[in-house]
Amino acid sequence: MAYSEEKLLEEKVFKDPVHRYVHVRDRVIWDLIGTKEFQRLRRIKQLGTTYLTFHGAEHSRFNHSLGVYEIVRRIVDDVFEGRSGWSHDERLLSLCAALLHDLGHGPFSHSFEKVFQLDHEYFTQAIILGDTEVNAVLRKVGDDFPKKVAEVIAKTYQNKLVISLISSQIDADRMDYLQRDAYFTGVSYGHFDMERILRVMRPREDQVVIKKSGMHAVEDYIMSRYQMYWQVYFHPVTRSAEVILTKILHRAKALHEEFYSFKSYPIHFYSMFEDEVTLEDYLKLDESVILYYFQMWQEEDDPILRDLCRRFMNRNLFKYAEFEPAKEYKKLGELANLFQKAGMDPDYYLVVDSSSDLPYDFYRPGEEEERLPIQLLMKNGDIRELSRESEIVDAISGKRRTDHKLYYPLDLICDDSSKKNIKKQIRKLLDIEE
Amino acid sequence: MAYSEEKLLEEKVFKDPVHRYVHVRDRVIWDLIGTKEFQRLRRIKQLGTTYLTFHGAEHSRFNHSLGVYEIVRRIVDDVFEGRSGWSHDERLLSLCAALLHDLGHGPFSHSFEKVFQLDHEYFTQAIILGDTEVNAVLRKVGDDFPKKVAEVIAKTYQNKLVISLISSQIDADRMDYLQRDAYFTGVSYGHFDMERILRVMRPREDQVVIKKSGMHAVEDYIMSRYQMYWQVYFHPVTRSAEVILTKILHRAKALHEEFYSFKSYPIHFYSMFEDEVTLEDYLKLDESVILYYFQMWQEEDDPILRDLCRRFMNRNLFKYAEFEPAKEYKKLGELANLFQKAGMDPDYYLVVDSSSDLPYDFYRPGEEEERLPIQLLMKNGDIRELSRESEIVDAISGKRRTDHKLYYPLDLICDDSSKKNIKKQIRKLLDIEE
Amino acid sequence: MAYSEEKLLEEKVFKDPVHRYVHVRDRVIWDLIGTKEFQRLRRIKQLGTTYLTFHGAEHSRFNHSLGVYEIVRRIVDDVFEGRSGWSHDERLLSLCAALLHDLGHGPFSHSFEKVFQLDHEYFTQAIILGDTEVNAVLRKVGDDFPKKVAEVIAKTYQNKLVISLISSQIDADRMDYLQRDAYFTGVSYGHFDMERILRVMRPREDQVVIKKSGMHAVEDYIMSRYQMYWQVYFHPVTRSAEVILTKILHRAKALHEEFYSFKSYPIHFYSMFEDEVTLEDYLKLDESVILYYFQMWQEEDDPILRDLCRRFMNRNLFKYAEFEPAKEYKKLGELANLFQKAGMDPDYYLVVDSSSDLPYDFYRPGEEEERLPIQLLMKNGDIRELSRESEIVDAISGKRRTDHKLYYPLDLICDDSSKKNIKKQIRKLLDIEE
Amino acid sequence: MAYSEEKLLEEKVFKDPVHRYVHVRDRVIWDLIGTKEFQRLRRIKQLGTTYLTFHGAEHSRFNHSLGVYEIVRRIVDDVFEGRSGWSHDERLLSLCAALLHDLGHGPFSHSFEKVFQLDHEYFTQAIILGDTEVNAVLRKVGDDFPKKVAEVIAKTYQNKLVISLISSQIDADRMDYLQRDAYFTGVSYGHFDMERILRVMRPREDQVVIKKSGMHAVEDYIMSRYQMYWQVYFHPVTRSAEVILTKILHRAKALHEEFYSFKSYPIHFYSMFEDEVTLEDYLKLDESVILYYFQMWQEEDDPILRDLCRRFMNRNLFKYAEFEPAKEYKKLGELANLFQKAGMDPDYYLVVDSSSDLPYDFYRPGEEEERLPIQLLMKNGDIRELSRESEIVDAISGKRRTDHKLYYPLDLICDDSSKKNIKKQIRKLLDIEE
């Protein structure tokens, strides 16, 4: 029997708190899950620093990847199979792409990518196409199979319908993470009737469409997403931890560039500092490695690196104030000056952080991040873009919301053992009550 | 105002997926949560290697500790407060002991304690009484307060009622972990009506008792516990990971004793290898540190250490067979011989592991691990031990159940590239189908 | 001890699927629940004919009334008690008004009120103030206590804060029914974080306000409400059952006016037919009485009454088509003509039904149904109306959505045993596929 | 196409709070649901008088019947289809029998059957085989199809495997009602991992068997059942309502036999009083009819009937005391005497009620109510009865638990306006505190 068609003697199930069970019957999927590159995702948290705000959010990308796979499996096996517009030949490809779509994520991706100019999508491709266990499994399906999987994830595959399963405004990726992150954080947002949405999905040439009768379930999903963004993903305490993490990385890189002599030299960081990260180096990174260094660096001589690492490890985070860049840039300048005078390097201790989200967007061709809009399948067979049918979605569609905050170390600012007067000025500017 | 009475200006809440919210109003509690020793619990998983079986079980002891605190808080504030038999003076002590009861746990406690003869209860005491941030907070309440907290956890405190809140057969510890572990693994066991149990708890001189009207909820709790033990805690796949972990530690220690030269020397392990672990050393240990070394050791020269670490990191675990020690010790001897001949050191590759549990026990004074039985408060004021009232509990009471399994590396045994005939004999003995 | 202060020896709890437990400690509340007027609410469904669409929706107004009481109890006891702006003296009044706010509802209120010009609010007042067991209990609290309870429910009480607990756009009434109706129907809408909302409610002179920090939970609540209206409350199948029910009542009244001789004379209906319903008559009505008559009337001689009753009892409902009154009134006229010719009285068999809702409204003084807007309490103490802070709410605020449908008996129209050609014309006009 | 194979153009779904959705694709099932005999189940509560104890328990047998159908559908379509031992030809038969298994239940079955010697199983057969809409639908499948459905429900069908789907100790009937009744009452018992149990069910010649790997889920199910029986089904308050209901029926019958002249003559009861109930009469009975009479009888002249009806309608129930028949029969005699003297007819006002359950039973051939034991399918293909493998089940297996209670009207006994001394004696005997 062809490897691509091989079934396990007995279906394997993973107990999953979100989908109850994740079902695996294909040997290819089972083998992929067993690769070391996929197992590595167990050591990378799905939500980065969010566990410092919501203590339940300790779940890994391994969890989420299984979930996305399971959702796509249900769509193709329970809904699409046998319908016109869907080719059974795309089944295994869809499952593999779903399972592997986040494979290239590194530890605390967001911060690492920003500081070291890494790109997890690049590494996802590299793992799938490079000399890895994952690649070996995929090649057994066919010589060009790794390339096809990589293309689906890169959104360049010719069959756009397959891409839309994991990359659209209502894809398996989003449906899994909203529910999963809600479950582990314990917030009451993030619930929507996924079972109904799956039942009303239909394959069309270019993308998955949603039968009109399921519109309200989709509205509910979009509102869930909106709430999760502002209540969880952009939570200011999480962003504070993110700010500190980013500053640790910046500081370590700066020290490296100044030929600072680390007590415990971060060999795992070397290639990142030098901007020449190989796939092999990258695969060695996970959150236990990073936390190992952060723990060691709590004893470094450099006071900034030491302080920031202690803050991160012991959750002694920065506080924040609302900040309006357009109006308050002058105040920011003054504050930077005062911080400098008070002995707190403003590059590390006075940080503006911005979050921004589009809850839903209709199609804007040519824009940087083209996002497939949600298309409704009307009773008469017509296709209509969601915001043209739903008042609620229309009301929030295309409206970008942005939030800026200024982060600073309240404890240092209130420590009057030195620079008392300057700190008093700082407190006044920041409206901190005496 | 006395520090012990100080309240936060505004109650702090932690969103908790199990109890919805954890409420903190006492400054002492807030300050304890902020200590670095308590924050360290975020880097130690509640269920050790269980996440390799149930992928959702990635939650930390930090989670659980907050949960136990919250349950005790509800008991003392919502149920006991104002009732005769309960002294408000024990309130803060109870809350602190609940929060800190697991403080001394190290990474993968079970295996580490076994191999290096450590004792997490000793370290809990040491952290509370030693030169730590936790101790500093507790001392602000009163000079003898740390000692009292330590005594409650050590079960030597004179007020047995307080002890029973966190150490009995129906304490806040168990009520939290059953529910929490069920939530994160996603299994459907572990549910019982805690709200009802809390409502029928009453303070008595020696221990918490349960009003008879709540007996059925208690039965349900005991059945939950039974199921969780055999479905989750003693799951053979988890035990397989535990076996490998233990063998890694054994191997590293043996190599150290043989003056093996590690490529990356495990400084964090040094004092454990030498049996002289200080509190300072101990507090540096967490699961990211351990996983860092395991990752590095995947490249060590020693083939056993290297192989075991790769197995653990990539979840390539041992398989298992049922094993009855009394009947099969001879077969075990034969197998050990054959393993040796096949080049697989039986000390590391052929392991018997046993699990054993008492679902509920009435009181057996003088036995090693005295466990307070559950006492019912009858309508007429009498106290009766649970198993004398409940048929179901009586049926399972005092019946120890034990399970033995034999673990081995199926992949090596099936790899016929060498020692083909010996391996064939092994497979035959182990009943492995060709 | 004053009756108003009397507590039960032991708190009584009702197991409630929505709030887990409903707690009763006040003797007044316990006695009110025991009255026959309150027990009557067990025989009136919360959602009228909705059970014919969502089979789980068989819950009664008794359920809901306990739930509203429990929410108000939590607000006043757990959140308001001890805060400035709240007087403990209003506690019992608030609890009683919450419990009794729906007391005057009759069977299938909506249809009965429309056909017989009854008003459940009038009867709520009448029961509270009349010669009833409820009144007797309330009078034991104080001579003017019944009047005060009635005033709160009638929204004329001088303390507007008390009124707002059960009559505003985020009152205990709505919070209970959204969750309860979602629970019993099984839909996945209707969830919001009520615990959070309760925690951020604050008493102000005129009404309950919500701390700004809880705004997102309120947004979620408003979206829940919106979804519940369109997914559940206005479901076209429910409305179809409602249409038939209304027509049954119309027919029975018309027959009475024509001196039709009923086989089983509906004594319970007499005073309604004659527009002279006394309190005593009214209290005898419940849904078992109504269904008793509908069952009997399945055997009446009048073909319309008989047919409609059979339809209702056996759920053989009307089908529906979208309908736009402004554009299609001419078509409606034609259809009415054809129905007449085909022997189907259009007064009973061709019905336009409209549903309309405002998901949220800011204050419009002087309008017919003034609804208190939701006010946010800002950090600086200011009060701001919700839609001025929340983009999402602003987007849907004040936008009335209306939906019209045309109901007709598809089975009769497709029955070609008579009037074949006329029915063919009808089917064509209604776009019914042959 | 044969009617038995006919599929709906579009699958119909019922939103179900327990199973999320009930799926219907077969026209036969759809048509059966639409019959008036099946719709009648909407007017019969699943749990009779339980709603007077657990106010959420207002759900109907209609609900439950759909649920049993859905579980059987999942077993045969998702688990059995294609497996050896299962014939696709039995599919539709199994679905119909599941849907219709409770069709013959009348209002408050338990009491009615006892008083009037009715048997709901007889009426289920009668409806399926008689001149009904249900029969007409079934006959369209085949002339002998109604008979086959009736046989499955009567447990006389030759294929015992089909019978075991709805009549064994782990059948779809029990699995639905445990979960459903737990959901609607809101109790925390009644949960077990049904999805797992379904996945491990296997068809065998004589009955469904359960793979050994699912044993713990089955243990959990049996414990759920045990808890539901004692916490919900046998709740003493429910039994009190049942006692009153039974006594109302007894009284009405007695009055009829004495030629008492009812103010409102109960025509619906006539044939029951005369022990000659026809199918036509029977189908007219539902709970609204019964409650209609009870409401009317609140105004009857007979003081016993009037009082009992008022008690039932207004939930003014009897109180209860523990009672041991073997020891206390003498006391019962004394009490009866005193009741007589005090003017309270002991036939109606002093009632012993017993409940009794076997949580699980192994097979006892020849006994009155043979219940199929649960059989486990071992890894090696052997079949073993559950209690031989499970310690927990063994512990409770075959142990009948019985509970006796004595019910009486506390209010009358405490009303000292007459027969003061006798009542004092009664109170003393009943241990009622003064």
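Every chain is named by a letter (A, B, C and D) in the order it is written, and numbering of its residues begins at 1.
The rule we apply is simple: contacts are C-beta pairs under 8 Å (C-beta built on N, C-alpha and C of every residue); 3 or more make two chains touch, one makes a residue touch a chain.
Just so it is clear, the structure is predicted and the values come from calculations on it, not from any experiment.
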Centroid-based (C-alpha) most distant chain relative to chain B: C
Chain pair with more C-beta contacts, A-B versus A-D: A-B
Same-site or different-site touching of chain C by its copy chain D, using the half cut: same
Intercentroid distance (Cα basis), chain D paired with chain B, Å: 44
Distance between the centres, which are taken as Cα means, of chain D and chain A, whole angstrom: 52
Inter-centroid spacing, chain B versus chain A (mean Cα positions, whole Å): 32
Set of chain B residues in contact with two or more other chains: 20, 187
Interface residues, chain C side, partner chain A - complex: 187-189, 191-193, 196, 216-217, 219-220, 223, 226-227, 230-231, 391-392, 395-396, 399, 401
Residues on chain A engaged by chain B in the complex (per definition of touch): 14-18, 20, 34-36, 39, 42-43, 51, 54-56, 58-60, 62-63, 66, 183-187, 284, 286-292, 295, 310, 313-316
Sites on chain B touched by chain C in the complex: 13, 20-21, 195, 199
